[in-house]
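After this come two complexes, each holding chain A, first together with chain B and then together with chain C.
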Partner chain A sequence: MAAAPNHRASPRRASRRRLPWGQIGTHLVLLLLAVLFLFPFYVMLVTSFRSPSELFTPEFHLLPQEFTGLKYYIESITTSPVLTFMKNGVIIALGILVMQILTAIPCAYALAKFEFRGRNLLLALVIFALTVPIQVPALPLYLGLNALGLLDSYFAAMVPFFLSVFAIFLFRQSFKSYPDEIIQAARLDGLSEWAILWRIVVPGSIPAIAAFAVFSITTHWNDLYWPLIVIRSNELMTPPLGLATFADVESGENYGALMATATILTAPLMLVFMLAQRQFVRGVTMTGVK
Partner chain B sequence: MMSAGVELDRIEKTYGATTTLRAATLDVKPGEFMTLVGPSGCGKSTLLRIIAGLLPQTSGEVHIDGASIDHLPPRERDIAMVFQSYALYPHMSVAENVATPLKVRRLSRMARLPALGRLLPGQARTRREITDEVRRVADLVEIGPLLERKPAALSGGQRQRVALARAIIRDPRVFLMDEPLSNLDARLRVTMRAEITALHRRLGATFIYVTHDQTEAMTMSSRVAVMMDGTIIQCSTPQGLYEAPEDLRVARFIGSPEINVVASDTVAGWEGGNTRLGQLLQRPLHIAFRPEAVRLSAESAAQTDMLHLSCHIERTERLGHDVLLFLRVLADGAGVTARIPAADFARLDAPGGVLTASLHPADLLAFGPDGKRVALPGLAAATNRGLSHVG
Partner chain C sequence: MSVETTGAPRAFALPLRRKRLGAELPGWIAYALAAPSMILLCLLMLLPIAVMLVMSLTNYRFGDLSYAFIGVENYLDLADDRTFWRALSNTFVYVAIVVPGSVALGLALAVMTTGLRRGRKIYQMIFFLPVTATVVAMATVWKYLLHGTIGPFNLVLQSLGLPAIDFFSDPDLALTGLAIINIWSLAGFNMVLFAAGLTAIPSELYDAAEVDGLSEPLDRFFSVTLPLLGPTTLFVIVTSTITAFKVFDTVAVITRGGPRGSTDVLLYTTYLEGFSYFRMGSAAAMTVVFLAIIMVFALLQTWVLDKKVHY
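On to the complex of A and B.
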């Protein structure tokens, strides 16, 4: 790149010397927003490393005056069931995700690639259902689960989310762009419709599925509303529910341990994000060169 | 497997109010290379998909070797298809693409499961057979070194060969090809044309080959079916289509430059030739003649049994061996295209760009107002005069 300066390069270099004010402005705004979003996380992290006495001093220090090391982390893991919360979070978030993918993919494929009476009406219903929040069917769901004696179980925490209209909509958009001729070739090759869907079409929609997975895991890992309604026992509590309970019980002094717990419970989400990001890029290149 | 005859019996296809296919009827003999040619949008792809079972027809029947196959799903029809877009599975390697039809047929459902399937007992031999078969077919279409690549890493011509291999490996009774060469560059198209005809001879299977390119149609096969507006209007040898078109649309579609078409009123005013010509042309007809039927030599101008037109040369185009002359008849302003060998063009005598063009009445084709060929008994059958130039 650096070798052989030519005529084409010179005008570009000249323009680079002028300051791109527009870009600087954009980046300043983005930086401001990033600070705004990251500040609570920063406070959480820093609080988990400083002694509680520092919290209520009049002056604010960016770094702990007295670094407590892993003290609160060890305390959190040994005295609170944080690992149980995490295990529950994993089971519930993954259980929901797997069921959502299993149910949404066939629905989306039918809506995207089959001609049948009422297809447009069904699609309209899917889009309409996107606008209905969980709070609307919460009471009937609660009553139903109660009548079946299923309250306070993993199943109760997961079942309202097994069918995701958002996933159906997203996957339908992705499947719709899959070339018909490849599907027809697969039919001639003798693959069943089921095999065509899972072995041919789904591998072409990995980016959409990965995007949805990130969305779904984040939502259900962080969800407080529904677990608060159906979960009672400590052994079944999800991270936010556990954290809320933990904060109530130990309120007052122990902010350090509380923030250490919060950090531990947020870490897996960060990890998923970073892994999925790599998956995204791979998925995009896979379809991009198709 | 034995090749099979395919009969299409009055196939209709409608989408709501629009009719895409109307009474398409065609008889393809076992082992024949049949080319289906027609302009874009005339329904060629739709017809192939109906034969393959990928699309249901509105009415009409598809027979293979005399038996109706309309109730069979695509996989049971024993028909392979090569698509215009190649339709390779993008996430599979070339070897997996080619092996797919065999795996589906020879391995059990369980054995085909990813990863897990390989552990099942009793299928190692089948897998080995499939691998050998893939290798054999890959060598046949010369993609042996590409087997481990993904389709994205192949050129258009290589993808085309993979698509061919995936069809060949099934050893089907009938091959359908939907404009398989239209995405290739001109040079590659010419070599692939020869390869596909060679492949047909080697496999001996029935081929139905779709194209919108009349050169492809005229050079590749022994019989060509011309399709227009959703129906097959003529099926004949390339020579037959050129010399004895049964429909004005066929006459216009086949042959380059396009055939000359003049209203019969105009022709009736032309001098010379058969004295009965004027009477024969009492009713309004379209009169057509090939550019090479137009004679420009002095000897022709002297013949009494020919029609003679005084023309002005508007434009000439040199095609190497031949020269095209775009003429305007001085008397009535009709446009006439002539094609003569370059050697004759050099000897042409045209003072002031004006010359005499001569036509033998037997070279004239007459078509009714509906475009159908009309036999004029006064005009000797043009077919017998042996216009030899095709394409």
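On to the complex of A and C.
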């Protein structure tokens, strides 16, 4: 019997002695992986500061031999419509987000707090639509927009996303947990349903709405597929479409300017991520359940 | 970095059943609230899907003034079309590389970082960074990074005395090259999902395992961590499969399906058929196949999500 405490204690003592080594080993593995993960970002940055002659030599230097300063950034901004792409990206992502919030909130409220005929059918449709990516309705939407003469416009770039069933689904969950008693009290006070929704229920769901906003902006800032289909003119291109087109025209000759452009277009979302990691991760990982 | 779970588990939390409190309200209010969404759902989703199903039975080409119904001929053509089968098999090979790679790496990163006494946050931030980066921008970077002659990756290989690898000009390696990019951009995402699952494992279980003599980290990993992460792992696998199956951006930017069709994937082939060659009927048939496969994955996901919560 006396052996029992010893038996229990010995592995603990052993692990206490061993643990620092385990920790150090883990750090070494993680450091190596971190270097590998960061390498593409490093290459992007360092190439944007390198002179072209260095790119075509057979050895790779970690630092530029000749620092070009902001040359390629200025070149990128002045010779290609990078700022226009960014402006379009902001307009389209925000336009989509505003419409999604305006349409999803009332619908989510109806689904969360009302009983009406067809509610279950609507909910089933929402859940079905959750699984359908944009590539599925793309062909008919393209034909429809073409028939209406609306291709190559901000509207065409935004309209398929005016409704986010994901927002409906998410906001419904959030609204459902809002106490019915407060809503009922507000009704007795004579508030309209519209006022109850926007002044009482919505403020209680700001975290869910913020997480959705991050998710939506990230998705549409980064989307290539739909803009590639409906946008033709340079003045309307989004950052990914602009970069893909620009990279094509450059045909890989001017890597410095290309990497500077990539840096400029990647920076906004990276900055948001650095500043608001918690919200950002929450927002982005929601795609996992989408 | 937060390891919060997503909104989904709450979705399956038992709602408090309450009697309807809006009973005395006129019934049209709920319809009025839902109407904008219902109209958009019909116009942007249901109607297009119906049109697409019908279109897949026609020989319609964009710009043609007339078209004819040809039954299931588009589908029969697809069954005989070697390009289509190649795209389908490329897509599945791609998924078969990306999913194990990104799931195993994500799990390893989650286990390693959450076991750290210090530095967990900074490591998780670094591994999550690729998730936040614009795919098209990073695809351009990777294209240069892996370039056969001037790419830094090959320069490093050469300086170590190793032969250069030209990923995107070699039909045998191009798909792997694209898969590596996707593993890089997906591993951090999976890490966050796994880390959330790990924090839910009670620490008493590790103490109990130690009492049972399982003091080696690997023993504990296989006897406690992995079994308890089972439902999370299933979920991550299905989610990663759907993500990998929808690969498009890197193909469009880096290889355009080449060299010699080795990276021709389902969505890219469908895109070319519809929006480059404007053969709408056959593109619609391809989209139906795509939708059918996605629906299978989605059903799996719902089933897994259910299991995960009732575990």
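Convention: the second predicted complex is superposed on the first by the 218 of 290 C-alpha atoms of A that agree within 3 Å, B and C clash if a C-alpha of one lies under 4 Å from a C-alpha of the other, contacts with A are read in each partner's own complex, and residues count from 1 in each chain.
Following the convention adopted for this analysis, a contact is a pair of C-beta atoms (placed from the backbone, for glycine too) under 8 Å apart; a residue touches a chain by one contact, two chains touch by 3 or more.
Note that the structure is predicted; figures quoted are calculated from it, not measured.
S.K.: Check the residue A:158 against both partner chains and state whether it touches chain B (first), chain C (second), both, or neither.
M.R.: Neither partner.
S.K.: Of chain B and chain C, which one touches more residues of chain A?
M.R.: C
S.K.: First (chain B), second (chain C), both or neither: which does A:191 touch?
M.R.: A:191 sits against chain B, while chain C stays out of touch.
S.K.: Touching A:93 in the superposition: chain B (first), chain C (second), both, neither?
M.R.: Neither chain B nor chain C is touched by A:93.
S.K.: Let me test your reading of the model: by the given contact rule, A:257 touches which partner, first (chain B), second (chain C), both or neither?
M.R.: neither
S.K.: Under the stated touch criterion, which partner chain does A:270 make contact with: chain B (first), chain C (second), both, or neither?
M.R.: second
S.K.: Please work out whether A:231 is in contact with chain B alone, chain C alone, both, or neither, and reply first, second, both or neither.
M.R.: The answer is neither, since A:231 touches no partner chain.
S.K.: In the overlay, answer first, second, both or neither for which of chain B and chain C A:182 touches.
M.R.: In the superposition, A:182 contacts chain B only.
S.K.: Considering only touches as defined above, state whether A:204 meets chain B (first), chain C (second), both or neither.
M.R.: The first partner, chain B, only.
S.K.: Intersection of chain A residues contacting chain B with those contacting chain C?
M.R.: The answer is residues 184, 187, 286, 289 of chain A.
S.K.: If we count contacts the way the header does, which residues on chain A are in touch with chain B in the complex?
M.R.: Contacts found on chain A: 179, 181-182, 184-191, 195, 199-200, 203-204, 286-287, 289-290.
S.K.: Give the list of chain A residues in touch with chain C in this complex.
M.R.: Of all residues in chain A, those touching chain C are 8, 11-12, 14-15, 22-23, 26-27, 29-30, 33-34, 37-41, 43-44, 47, 55-56, 58-60, 102-104, 106-107, 109-111, 113-116, 119, 122, 125-126, 129-133, 135-144, 159-160, 162-163, 165, 168-170, 173, 176, 180, 183-184, 187, 193, 197, 208, 211, 218, 221-222, 224-225, 228-229, 239-241, 243-244, 247, 252, 255, 258-259, 262-263, 265-266, 269-270, 273, 277-278, 280-282, 284-286, 288-289.
S.K.: For chain C, which residues count as touching chain A in their complex?
M.R.: 1-2, 4, 6-8, 10-11, 15, 18, 20-22, 25, 27, 29-34, 36-38, 40-41, 44-49, 51-52, 55, 62, 109, 112-113, 115-117, 119, 123, 125-138, 140-145, 147, 150, 152, 155-156, 158-159, 184, 188-189, 192-193, 210-211, 213, 215, 217, 235-236, 239, 246, 248-249, 252-253, 267, 270-271, 274-275, 280, 283-284, 287, 290-291, 294-295, 298, 301, 305
S.K.: Which chain B residues qualify as touching chain A in the complex?
M.R.: 49, 52, 54, 73-75, 79-81, 83-85, 87-91, 100-101, 104-105, 112, 114, 151-153, 166, 170
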